[in-house]
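In what follows, subunit A forms one complex with subunit B and a second complex with subunit C.
On to the complex of A and B.
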């Protein structure tokens, strides 16, 4: 078993997968806490479908690096959905969930349609499945993808650490933050951009349909057990990284799809934390 | 000396105006109590002053070089969620975020200030507690501590003593009075406790007369 593992670790693509997987799961869990607490989880889900649609467009246009299309499109939609309310100061209301469902399902449908009409590959269904469920795509990363991913996630990490307290203040009580002079609109914009970047990155790891699982599960598990924002953030990060590493290694050894194996590990941890909190409190 | 100046101020929600064409000045050193019956628009006015609600028309000028980061604000109803994981200490410290701190740490002086405010509101024993598990009155006192931390020149309080036991509300009035007299803090307080308002306030604003 271990021999097999070390044998695989000799391949650069396996090492890339591990590095990228760790970074992406770290970033997604950190912002996941904010996303869950702000009740934005379903926007995250919608955005991942938008990223899939953008990927299809990129495939059709045959751009050299499809990140060039996916990133700007997803960021633009994220800003529209997260900061788009007409007067963000009057009781912040994001556009109705019907609009988000529309964008999300629409992007999925158009993406699949485009891929079907314009794809040159013989196995369209396989390609689509790969982008939706991640399949083995993380193991086929090119060095440029890895560098781009490392730069983007490092940026996200630095921004998160620098603005950690601001993000907490805005997530906890946006009105108070605004009253005491925090530039809430600017930070909401920043958060929207970061979330879009993370979703695009996470799509590489687990595929478009599973992105929200990667973002939501670690924070929900951490929130079951811990009671301060700081401990929840740290716990979510640790849980997420451990689950992703376990998922990647199991996937390599057992030949299962990477994305769903990672999510399976996340679900397992969620159940463990659920039961732990259940036993500790004697109730929900 | 005018600290806050409302000119032709109109505030409202949806297609309804709650406050219309209001001209009003709040002076530096005021202890202003706003009274009026339920639903007459006191909270709306305070949200306008706090910059939480954008005016429909007109303007609120901050005079005398007053900065938003020098304002403390205690909302009437906390919009916070039931399952939000946050410790009392984290919440009180978040009051300093308007002072554009970039660092991931709070310095000694800010921590000391936070401790003082927790002590004033007699919540220092709750410091490590989880906010969502406190009682209503305890939550109110923690949020008051947060408002005190942020307040340097102006304190906006929306029914600060609602939900407090008699001893705590007396304590609250003493804290506010002390801030007003010794630290030259300007106080704007919405209250239904007309007796206490008449006792402490230097000015009263009856909102029933403003909104007809």
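On to the complex of A and C.
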């Protein structure tokens, strides 16, 4: 088993997958805690569907670097959903969960429709399948993709560390944060942009349909065991990275789809932490 | 002296024959020993970045497939593999070292085959090359 693992680690694309997987899972778990506490868990799902729709547009337009379309579109929709839904005047009559559901289903349907009508690929079903479930995308990255992921992940990490206290204040009580002089609107905008970037990156790791699992599960697992914001954030990051690495290695060794194996590892850890919490506290 | 020369000649012949035999069975990349995820990724790498693999001896297991190209009036044979979700498939074309009659001497479409041959880039008239396993042996 170990011989096989070391043999596989000789291939550069396996090393790329491990580097990118670690970075993406780290970033997604950090913002995941904020999203879960702000009751925006489902936004990851909605935005990943938007990213899928943007990917379809990029494929139709035959854009060589599809990030040029996916990233701006996803960021724009993230700002609309996260910032617009806070302000009733900005998002006239469709608010909150209805807006997320509408955008999510609409983008998914339009993306699939565009890919079917205009795609030049001989295997449209395969292209759609691998984008939605991320069976192989993490193992087919080029060095440029890895560098881009490293730069974006480093940016997300630096922003999170620099504005940790502000993000903490906004997560729990926006009114209190506003009263203490924090520019809540600007920070909500920043969080929306970061989340969009993470989701676009995470699509490579687990596919569009499973992105929300990467955001939600590590945070929920950490919340079963720890209580403070800081300890939950650190624990979520550790859990997320361990689950991603385990998932990637198991998928490579056992020949299972990468995305669903990572999510299966996340689910397993969630149940373990749930049982641990139950034993320790005697309640759910 | 004549005897010594004969023995020497025999030794050289034997060594060169065994060297040839070992070259034929030598494998640089054995895809049959890898997991399905790794096989799919390796084939993807070979198709998207073929220059790295030119001249390497490849052994792979997959499903037999054939395709007749009317433009070039040539029949292509392929070894097809599927990804872990079985929704995507890709493969490599191969050319047998000893040509056989189609279809009587070939397996049926979709049958499991093992191919052992040398990875090459075959140039087309427009200058664009496509990857193909040449000088191949096919096992069922």
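In the analysis below, the second predicted complex is superposed on the first by the 273 of 284 C-alpha atoms of A that agree within 3 Å, B and C clash if a C-alpha of one lies under 4 Å from a C-alpha of the other, contacts with A are read in each partner's own complex, and residues count from 1 in each chain.
By definition in this document, a residue touches a chain if its C-beta (ideal position, glycine included) is under 8 Å from a C-beta of that chain, and two chains touch if they have at least 3 such contacts.
Model, not experiment: these values are computed from the prediction.
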item: Touching partner for A:37 - first (subunit B), second (subunit C), both, neither; value: first
item: Superposed model, subunit A: greater residue contact from subunit B or subunit C; value: B
item: Subunit B versus subunit C as contact partner of A:182, first or second or both or neither; value: first
item: First, second, both or neither for A:105, with subunit B first and subunit C second; value: neither
item: Touching partner for A:228 - first (subunit B), second (subunit C), both, neither; value: first
item: Touching partner for A:113 - first (subunit B), second (subunit C), both, neither; value: neither
item: Partner chain in contact with A:258 - subunit B first, subunit C second, else both or neither; value: second
item: Subunit B versus subunit C as contact partner of A:172, first or second or both or neither; value: first
item: Touching residues (chain side subunit A, partner subunit B) in the complex; value: 37, 39, 87, 89-91, 161-166, 168-169, 172-182, 223, 226-232
item: Contacting residues of subunit B [partner subunit A, same complex]; value: 13, 47, 50-54, 67-69, 71-73, 75, 78-81, 83-87, 90-91, 93-95, 97-99, 101-104, 106, 130, 132-133, 146, 150, 156
item: Residue numbers on subunit A that touch subunit C, as the complex places them; value: 8, 11, 13, 123, 125-127, 129-130, 133, 135-136, 139-140, 251-258
item: Sites on subunit C touched by subunit A in the complex; value: 34-38, 40-42, 44-45, 48, 83-85, 87-89
